[in-house]
Amino acid sequence: MIDKVTSLDRALKKVKNGQIVMTGGFGVPGTPFCLIKGVLDKGVCDLTLIKNEANEAGLGISLLIEAGRVKKLITSHLGLNARVIEMMNESLIDVEFFPQGILAEKIRAGGAGLLGIITDIGIDTILCRDRQAAHVHGRQGLIEPSLRSDIALIHASRADRAGNLIYEKSARNFNPLMAMAGDLVIAEAETIVETGQIPPDEVHTPGAFVDHVVLIETLMPEYGVLKHHVH
Amino acid sequence: MSIDPKSDPKRKIAMRAAKEIKPGQVINLGIGIPTLIPEFLGKDMSLTIHSENGIIGAGKSSGPARADRNLIDAGGTYITTVLGAAFCDSSVSFALVRGGRLDLAFLGALEISEKGDLANWIIPGKFAPGIGGGMELAQKAKRLVITTTHATKNASAKILKKCTLPLTASACVDMIITELAVIKVSRNGLVLKEISEETDLETVIGLTEAPLIISDDLTRF
Amino acid sequence: MIDKVTSLDRALKKVKNGQIVMTGGFGVPGTPFCLIKGVLDKGVCDLTLIKNEANEAGLGISLLIEAGRVKKLITSHLGLNARVIEMMNESLIDVEFFPQGILAEKIRAGGAGLLGIITDIGIDTILCRDRQAAHVHGRQGLIEPSLRSDIALIHASRADRAGNLIYEKSARNFNPLMAMAGDLVIAEAETIVETGQIPPDEVHTPGAFVDHVVLIETLMPEYGVLKHHVH
Amino acid sequence: MSIDPKSDPKRKIAMRAAKEIKPGQVINLGIGIPTLIPEFLGKDMSLTIHSENGIIGAGKSSGPARADRNLIDAGGTYITTVLGAAFCDSSVSFALVRGGRLDLAFLGALEISEKGDLANWIIPGKFAPGIGGGMELAQKAKRLVITTTHATKNASAKILKKCTLPLTASACVDMIITELAVIKVSRNGLVLKEISEETDLETVIGLTEAPLIISDDLTRF
């Protein structure tokens, strides 16, 4: 039987300086804090990160950025992380912004083995300055090249040994897209069940896309509720 | 109920904005003022609230007792879901927006032009937190209502002949709701449809750079 | 409460001559036979159909094609329908073929509000003859415009009154993609449950994409096992 | 076990093809000869079989008793699934193929060139049932093995210097397995690695139009 469950160390063995690393999550939900901590502890640097946002200061990928390990961040919005905005303004990190759904589509296109997508989002804005134009359906569009990564770090609620993943509530977000778009896909899971325990119709990410599954031994405090967002 | 626009402009705007929502619609509430809108909706209104982070059928804020670590809206607030909600990934969430299934979106603004152009994401050199979902919401919602204070804190106009800041999207705004006025974007320009009980025409015109066509049936709100 | 459940007649009210109609299904599984029969009974013609294949002779959309109601078929493979191939060879119907996964992506792109995708599939074949080229990631690609339709006919295993859909096993195929790509999306369901009965994490197609839900009163024989495919 | 290529060429090919599969791989079995391959696999081989219609983890044919109206493979046959299987939509199914997660695909052929070009989907004016999933499998599987009878019924060569039919994909074939020979596609041309027990070099060369480089370690199968 296929068994993709391994230790954090072995899962991160191929993570190296200079790589492109995608990280799931939209805020806390779906952010793979254990795997990110593992990358931080490994000491790798010169990373290019791809994530919806940069978490908040002192949390998640912000730790990697604050530690100077990230040369470039490809993202959508940093509104909740003044520290990373400051680093961006001081040119301590290169940041590339995309409209949120276009970022999702670029990653999905990478996962689907497409070269890119053509969209009209941003057509009348400064975004079209550095984008190739394309004429489709009699309309002007912009070419958005697909995005892939060396490594994809995924957070799942449940996994089986074959690597099938299930996400919970708003923790799904970018995870299933990135789980298709990494050359090496590493998923952390809150629970690991025996293969066969996840009904095939309920799988969110088929195991064939996943290389390693790591059990989250203890749910660290950063996975919990952020008090300042409770209203 | 009437809210004083001076003491509580945001709630004044949200209360009026709530009236733009029709039963059964799929809507998106941007960050800031729009999040106050649900307070002013009828309890039995059947409605689907979309949140960019993959929630179709968002409910109210959770409050401390019900906060779920896996359930936030796009602004980060812990929320609940309604019966019939569905979770999806970020690509499907925006497929709903760009695919034409979002009936109505509310967004804030830095500047709006008389043609309905919107600028709300960047002040070059000063404010550049990113793009987020706003560009797609602005460009693709079937109807876009801007909720914003009528002018800046320094009483500079936000409703301009032409935007000076980089655009979020061009010709995307259908209606502007401020604490002072309700303005419809038409082919002929901006039509002043309503002014608040607590202001007068001169004040509104004085705080608006773009020319306003005064509606024949101008009403108070 | 939102209630999208309606009768077959009312659901099909806006189906008209000359429309583009997408139909889910890959073989029997996922083919909305009830809705197709409804369209047949309505007598509409000059349709452009989009479906993975044409079912088999005497079954599903083949009935519409054989009845001369279809001027054009956009599809992937007709290997199991000699009758439609014959009609194609006799120019009784215009057929446009796409690689199967590219057909899926074109429909998905339509559903996602994209103008098109860029792929290298078919780059060294006769497919590139009538396609626009694009240069992305330093490589040559072909532009595949997105596909949308006036009507999408969907088969679901389970639906709730809000239009949330669940598909079963290999009956999923093109259904979730087409359910995003139709201007009017009509789903038939084997079971309809009260809203709230489908766990939000298990929904395959969110109800916001679906306009009408029709209950399949009785599972007609065509939904059953095709004896000649049992080995 | 040896199978006579004359009496049962397809099973001879399938038996040899089975040896190309390594434990743990994700594979796709095209229509025709490849569907015979599972018969020759070790019972405990851990393997993920992909079927284009959205099955990752396909199992054996169902037989009449277990046939499920919602569970067919891409060829239409009623099948079963293995433990750990997942269903997905057609876009995800092909994302797996084009995204580089398919380790090995087996396809049939009308023509193969010495450069590894494959033609198997159309004979203009005669045979044009469509494209199906073959083009993507041929172009994107990490490894492509062609399973085909060595020549046509009229003893015309299928393995040619250059394909005459429209291509499915260029330079995509890694290995050709026929009832007579196992041929590896290399940068220098086609390398004859194995010939069947029941044939000889002259026969194989006679039925092959493309030049064959005879491997130093030519073996029998």
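Letters A, B, C and D name the chains as they come in the text, with residue numbers starting at 1 for each one.
In the analysis below, a residue touches a chain if its C-beta (ideal position, glycine included) is under 8 Å from a C-beta of that chain, and two chains touch if they have at least 3 such contacts.
Please read all numbers here as calculations on a predicted model, not as lab measurements.
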Completion exercise
Output for shared partners of chain B and chain D reads A, C
Exercise for the section: Determine which of the two chain pairs, C-D or A-D, is joined by the larger number of C-beta pairs in contact. Expected result: C-D
Practice task
Provide the C-alpha centroid distance between chain A and chain B, rounded to the nearest whole angstrom.
Solution key: 29
Problem - Length of the line joining the C-alpha centres of chain B and chain C, rounded to whole Å - result: 36
Exercise for the section: Give the residues of chain C that touch two or more other chains, as numbers and ranges in rising order. Expected result: 105, 112-114, 119-120, 167-169, 172, 200-201
Fill in the blank from the handout: By the touch definition above, chain B meets two or more other chains at residues 81, 87-88, 91, 94-95, 97-98, 140
Handout entry: Chains touching one another, given as label pairs in label order
Key = A-B, A-C, A-D, B-C, C-D
Fill in the blank from the handout: In the complex, the residues of chain A that touch chain C are 105, 109, 112-120, 132, 134-137, 139, 141, 143, 145-146, 166-169, 172, 200-202
Handout entry: Residues of chain D defined as touching chain A within the complex
Key = 24, 26, 46, 48, 50, 56-57, 81, 83-88, 91-92, 94-101, 140
Handout entry: Touching residues on chain A, where the partner in the complex is chain B
Key = 26-30, 52-53, 75-80, 85, 88, 95, 97-105, 108, 119-122, 124-127, 157, 167-177, 223-226, 229-231
Fill in the blank from the handout: Listed in rising order, the residues of chain B that touch chain A in the complex are 31, 51-55, 61-64, 67-74, 76-78, 81, 87-91, 93-95, 97-98, 128-136, 139-140, 166-171
Practice task
In the complex, go through chain C and note every residue touching chain B.
Solution key: 1-2, 110-114, 160-162, 164, 180-181, 183, 195-196, 198, 200-201, 203, 206-209
